[in-house]
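Labels run A, B, C, D and E following the written order; every chain starts at residue 1.
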Amino acid sequence: MSSKNERLRDEILKRSGVNPKKCMRCGKCSATCPAYDEMEYHPHQFVSMVENGDIEPLINSKGIYRCLSCFACVDRCPRGVEPAKLVEAVRLEVIRKQGANHLTADGVEAFLDGEIPQQAIVSALRKYSK
Amino acid sequence: MRKCSLDTINHVFAEIAAGSALYLPADGTDGKAVYTRWQEGVEWSRALNTVRSPKDFFFPQTENLMEFKTSGKNIEIIDTRDEGEDFVIFGVRACDVKSFDILDRVFLKEPIDSYYASKREHGIIISVACSRPSETCFCKTFGINPAEPAGDISVWQSENELFWQANTEKGEAVLNRLTSVTEEADDSAVVAEKEKIGKIMDKLPLAGLKTDAFGAGKTMDLFESPYWDSLSEACLGCGTCTFVCPTCQCYDIKDFDTGSGVVRFRCWDSCMYSDFTRMSAGQPRLTQRERFRQRFMHKLVYYPENNDGMFSCVGCGRCLAKCPISMNIVKVMKTIGGKEHE
Amino acid sequence: MQKITREQLIEKASALLADGTVKQVLGWAKGEFDYDITPAVFESAEELNANFVWSDFCGANFSKYLVSKTRKCDGKILVFLKPCDTYSFNQLLTEHRFDREKVYAVGIPCEGMADIAKIKEICADGIASIDCEGDALKVHTLYDDEPVCVPAADVLAERCVNCKSKKHVAYDELLGEEGEVLDSARFDEVAKLEAMTPDERFAFWQGELSRCIRCNACRNVCPACTCEKCVFDNPNSGVENKSPANSFEEKMFHIIRAFHVAGRCTDCGECSRVCPQHIPLHLLNRKFIKDIDNFYGEYQAGAEEGSRAPLVDYTTEDIEPGEVFDRRDTDA
Amino acid sequence: MQVNEYKPLIVAFCCNWCSYAGADLAGNNRLNYPAEVKIIRVPCSCRVNPMFVLRAFQRGADGVIICGCHPGDCHYTSGNYFTRRRMALLFSMLDYLGIEKERTRVEWVSAAEGAKFAATMNDFVEKVTALGENKRLEDLRCKK
Amino acid sequence: MQRIGVFVCWCGTNIAGTVDVKAVAEALKNEPGVIVSTDYQYMCSQSGQQMIKDAIAEHKLTGIVVCSCSPRMHETTFRKTAASAGINPYMVEIANIREQCSWVHKDMPIGTEKAIILGKAAVAKVNLNAPLTPGESPVTKRALVIGGGIAGIQTALDIADAGFPVDIVEKKPTIGGKMAQLDKTFPTLDCAACILTPKMVDVAQNDKIRIFSYSEVTDVKGFVGNFDVTIRKHARYVKEDVCTGCGACIEKCPMKKVPNEFNLGMDNRTAIYIPFAQATPKVATIDPNYCNMLKNGKCGLCAKVCAAGAIDYTQKDEFIEEKYGAIVVATGFNPISMEKFDEYAYSQSKDVITSLEFERLTNAAGPTAGKLLRPSDGKHPHTIVFVQCVGSRCEACAEKGKEYCSKICCMYTAKHAMLTRDKYPDTDVYVFYIDVRTPGKNFDEFYRRAVEEYGVHYIKGMVGKVTPEGDKLKVQASDLLLNKQLHIDADLVVLAAAIEPDKSARPLATLLTASMDTNDFFTEAHPKLRPVESPTAGVFLSGACQGPKDIPETVSQAGAAASKVIGLLAKDKLTGNPCVAHSDEMMCNGCSSCERVCPYGAITYNDKEFRMPDRTTLIRRVASVNPAVCQGCGACTVACPSGAMDLHGFASSQIMAEVDAICK
């Protein structure tokens, strides 16, 4: 494990407030994830990858933008691990690296149509506005 | 009669203190007057009187009597008394001066209490007349005139002068040392001051308090008075009245085990305490009512009976000010003695 | 100035005496002056009319008297309780110190009591009379022709300045309006002491406690000190002492007394009120209360009858004794 | 070695089931700690009355340490929890009165922690030695 | 004044190597009360002990101080020595100059000085020692078992077998508990009823055992060997001794739509009912919530048809008071409520059931007569999904689940899966697991058979969501090994619900002053060494009330509890530890502080009449300590502000004397 990863891991854990050691590998997060098939790394993998400091692949993964931030995994996790917060923390890492938001709050309106569920809008704001 | 200006009083104190230790009432950290050893910077308090009475000088709250030293199974007795040195107490009020007479009759009667006697011998009392008596004062009831305080030296205070009059040889000797800081004076200002005090005394709320119902021979009249119940009803059984009282003289003798020996000491005791004079068979006064009665009967009946009619209260008013439940000798006298004595 | 009047209280007490609800009334009796009021037992309307008072000087907390008075009286006793007194009342009930059935408690509102020592500081000696008028006290003295007017707020007793509650937590009947638990600044003094250096604190307490004459007024008035025999009076306890022979014994007495009432003390302030030497004893009790609140969660002794005092309780996660100093410093 | 080197007097209250046994284990393992430490055996740390602590200071102790089972391990299930509250409050009060907080300590030592017992005592004696004589809670009558 | 003998042991060179034992003996000679002070090489040896005995006789000693090794080592030895020489064994004190002196200090003068001080402390203590005699209390030779499940039944049978009378209190109308509801039992697959009901019959027929069914314990007073228990026998409106259990009333009862709790509400019973065929006692009970006669006085059919005349609508709750020497708690468990697990749609679909409901569905006496049919439409399910750890090992949400592992689910789920595949080979069975935990004899083999022989699909992963859609249950789950999300159309979903202690346990623990953990399981006196005793003397634990366990474990714990009870009841008298607390009634003010810190409930209060010094009498509430229950920790002595409470053997005066001696 490279030292950079350890530093990154600690940063992500600090940012998210998540303790991945609490995970008991039950997979309920992945079982519950509505965006499961869209993500190359599934919520349960996410937790153990962060725990192992395997963060570069996560940063480079498209999956982190597929996560709907619906927090179903957070709600269902029996150990209170909160995988979605890790996803968010990784996203934030990318954003901080790039130094800009993908989307501003003002830009959200353009994407709206009648079909979009309320929650997606809230999630989008949660996700992109940092 | 000598006089000095109030502004230069500290010079006088310095002169006295040069000869022997000087104690006077000074304001403590709580703003209340307390007898303090005078040194440069200590200011004489303007308060009428101290919270604790000056009896501490002769009869301190705790006093070591002797020591035992133990080594193995042997005991050695050590006399801890020391010679003692002269000291001066300044600012004693007329009531408190009188209290020393009352204590003397107890401690200096055979067998003489040598601890008390030694301190009494070394103590020189400078009394000060009361220019502003308080509403709680009733010394007059017991024949004490605050305008004529006794003591080795009496002092009167006018607007900004103090007048000094020696009454005893001890006092004379002290006053003689003060010639450089005092000057000769006539008594006109003192006479005026006495007159002023007299007028105030008549105005005091307790001025009319009488002792007629009390004194020697009244035991049978008063002992079973029905009022003791209601009077003692609220008494907490604490020792405040006895410990601030200038004439209460009861003490207990106790041993303190230091580990390597024993210190035998005496300390004030209070007849208000439930374990006062407790003996193997218990205590003679079983209820607070009886203990309460004891204190006042002692002040007003038993003591006079044994001491030529002298009451053992001086009307200083400390108990009036300090009792947690405001029960005191004045209320007792008015209630037990009947309304006509008010 | 108290909102409820003497006449209202006499009326209530007389009515309850008359209909036989109570046999005795625990109330305040007038004294020689306007401020030296004595707790007393009244048994008739005549006695009440003659001697009962209710004024800014009725500080005495009657709760503790109930321990002895209920034992003596074969009927019910009416007791007037100010809000702070009701906490002591509850605490005594929690400790089974008297029979609740023998008491008829009448809660009365209190606007705070005056401290005669503070008045005397302003007016000096020679107080002839004191009239309570509105928000001011008119003090007539022997030496001034005109009365001295003192705002009542300036001479409030310390415990009333920092009043913790105007709410009655126990009563059979309430006269006047119910108040609320207040957000008092009563721990400010403690925090100030805590902020001092140990040397300063030591000097402070050495100075205060050295005045102690061990008259036991604080203990005997304390509604939490209801032991049949106090350890300090018991020759077999090993700590008995009758006088503060030296600074150790002064501290010993006050530390142990405060410890024995820790978690049970309602902060009624009677100890400081009665101390003839004006030792701020409430600062010892409040230190324990503040610590208890900080370490174990807020707890007001007497607020609830039957509640479990913090020192006879625990949680498995309690603070360690070695950590208390840090915790206090950060919370202060 | 200095002449008249200051040696503090330490009173250690140890509960019978854990800490006293821990002290015995320190002995079994010949783990040194200063002889200034004198142990008093009590059934449980909750037997220690604040009055005993003050008594020790009065009689000349320079430090008082109370040792009991680890929280949760009390032989009597809950005794040390009460100890913890009582001593937390007592120590805080002593500190409030300006008495050096390093003179009092509570330490949890199990029957298996002989090494911890010795280390604790070494450390405590060192801290109290640094403070010097107990002046703030002394009773001069008890000094020779 | 005591006459004390001091005996300083060399312990060979163990002590004498670092401590000048002669100097110690010499120094202690001068201590108050010391008559003789001597040293010897091995005090614990025969001749050393003889030396002590001789000295006791020669010098008429009343107290002994032995300066030697730790009291934990030889206190008992020297107490026996003293006792054999005729002085009270509690007049002996040990100064520990080996473990706490010679072994930890190297320097002879330092070691000697400390040894002298420790000796002085011991002398100071002995001076205040008083002879102590252990208290004795009689033992009521009857046991009470609270709970009539397999744990209670087994405990009662074992106790009765030893010849002691036992009462079982069961709050349901019949004993049998959870086991009576089960179909088969793992890992042997024998039928639960087949092995349980004979035991129930044994209980019913055993003349040493009384069953108080439909009853509850409402009050417990007293202490080990001497409990006074009040039992409330609920009115069942049927005379128990008259009813023959013929069932005529049940047939005639018009109120037939009462949810049947024995079948977990999956079918109905009548208002008058017998829970199941083998119920013990086999007596009908009227459910007052449904009976028309009891509710509004209209009906009375059952009374008309009862040939025995057993029906009594006026019956009242009855209170029985009985004395017991020991109490066994066997209150058992319940599955937790599934209502908060929205993701599994338990409340939305009848076809999502708990494992216990599954037991009833496969039980021949159950609502479907043993045929596995869906509760919703009575059709045979072809795809069944079992979900494990529902609410177990769930730390995140305390209001939903439990932090602990429920222990039995892995095995019963394997059993269910296996039996389903055995009876209905056309069924697809999926088991979603986090871990499969099978420690136990033949357990793992059993689970492997389910996979290997019966073709159960064990999938490592959890079900995230169950959505009812048409007559299917859409199950969304993860397969962690394939790293895939699975979507299964199931016909039936079975949830392995976590188990929790019965709700009646908490109030019962309060009555018994027995302690509980945060999950409301009873705490054992020692987790390893005293697993079937509660810290409260005389109260024992049996079965799942102490922690989740399966039947074999429950039965063995039941037997263990029984043997502890038998050991207790076999004694005629209980001898206590004399170092117990005692209260000085003259000083006690009855404030209850001591009672609140006592972990054993040893302190009670009573009103006592005092003659006051002024010759009046006063009745005051004062504490008294039951020496048979007190264990002598001393917590009360410090809680007591007046010092009325003190501890024998470790009195405040003694400890302070030690402090003084050490600080001299």
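By definition in this document, a residue touches a chain if its C-beta (ideal position, glycine included) is under 8 Å from a C-beta of that chain, and two chains touch if they have at least 3 such contacts.
What you are looking at is a predicted structure, and each value in this text was computed from that prediction instead of being measured.
Peer 1: State which chains count as neighbours of subunit D and simultaneously of subunit E.
Peer 2: B, C
Peer 1: Counting one step per pair of touching chains, how far is subunit C from subunit A at the shortest?
Peer 2: Tracing touching chains, the least step count from subunit A to subunit C comes to 2.
Peer 1: Pick out whichever of the two, B-D or C-E, is joined by more C-beta pairs in contact.
Peer 2: C-E
Peer 1: Could you put a whole-Å number on the gap between the CA centroids of subunit A and subunit D?
Peer 2: Comparing mean C-alpha positions, subunit D is 52 Å from subunit A.
Peer 1: What whole-number Å value describes the gap between the mean CA coordinates of subunit A and subunit B?
Peer 2: A distance of 85 Å separates the two centres.
Peer 1: At what distance in angstrom does the C-alpha mean of subunit D lie from that of subunit C?
Peer 2: Measuring from centre to centre gives 37 Å for this pair.
Peer 1: Based only on mean CA positions, could you tell me how far subunit A sits from subunit E in angstrom?
Peer 2: Between these chains, centre-to-centre, one finds 46 Å.
Peer 1: Give the residues of subunit B touching no fewer than two other chains, as numbers and ranges.
Peer 2: 256, 259-260
Peer 1: Residues of subunit D that contact two or more other chains, please.
Peer 2: 50-51, 55, 59-60, 78, 82, 86, 139, 141-142
Peer 1: Where in subunit A do residues touch two or more of the other chains?
Peer 2: In subunit A, no residue touches at least two other chains, as defined above.
Peer 1: Which of the chains are touching one another, listed as pairs?
Peer 2: The complete list of chain pairs in contact reads A-E, B-C, B-D, B-E, C-D, C-E, D-E.
Peer 1: Name, in rising order, each residue of subunit D that touches subunit C in their complex.
Peer 2: It is residues 50-51, 54-55, 57-58, 71-72, 78, 81-82, 84-101, 104-106, 136-141 of subunit D that touch subunit C.
Peer 1: State the interface residues of subunit E toward subunit A in the complex, per the touch definition above.
Peer 2: 343, 389, 393-397, 401, 434-435, 460-465, 476-480, 483, 485
Peer 1: What residues of subunit D sit close enough to touch subunit E in their complex?
Peer 2: Against subunit E, subunit D makes touches at 9, 11, 16, 20-21, 23-28, 30-33, 35, 38-44, 46-52, 55-56, 59-61, 74-79, 82, 86, 118, 142.
Peer 1: Touching subunit C in the complex: which residues of subunit E?
Peer 2: Touching subunit C: residues 586-593, 596-597, 605, 618, 620-621, 639, 641-644, 652-653, 656 of subunit E.
Peer 1: In their shared complex, at which residues does subunit D touch subunit B?
Peer 2: 59-60, 139, 141-142, 144
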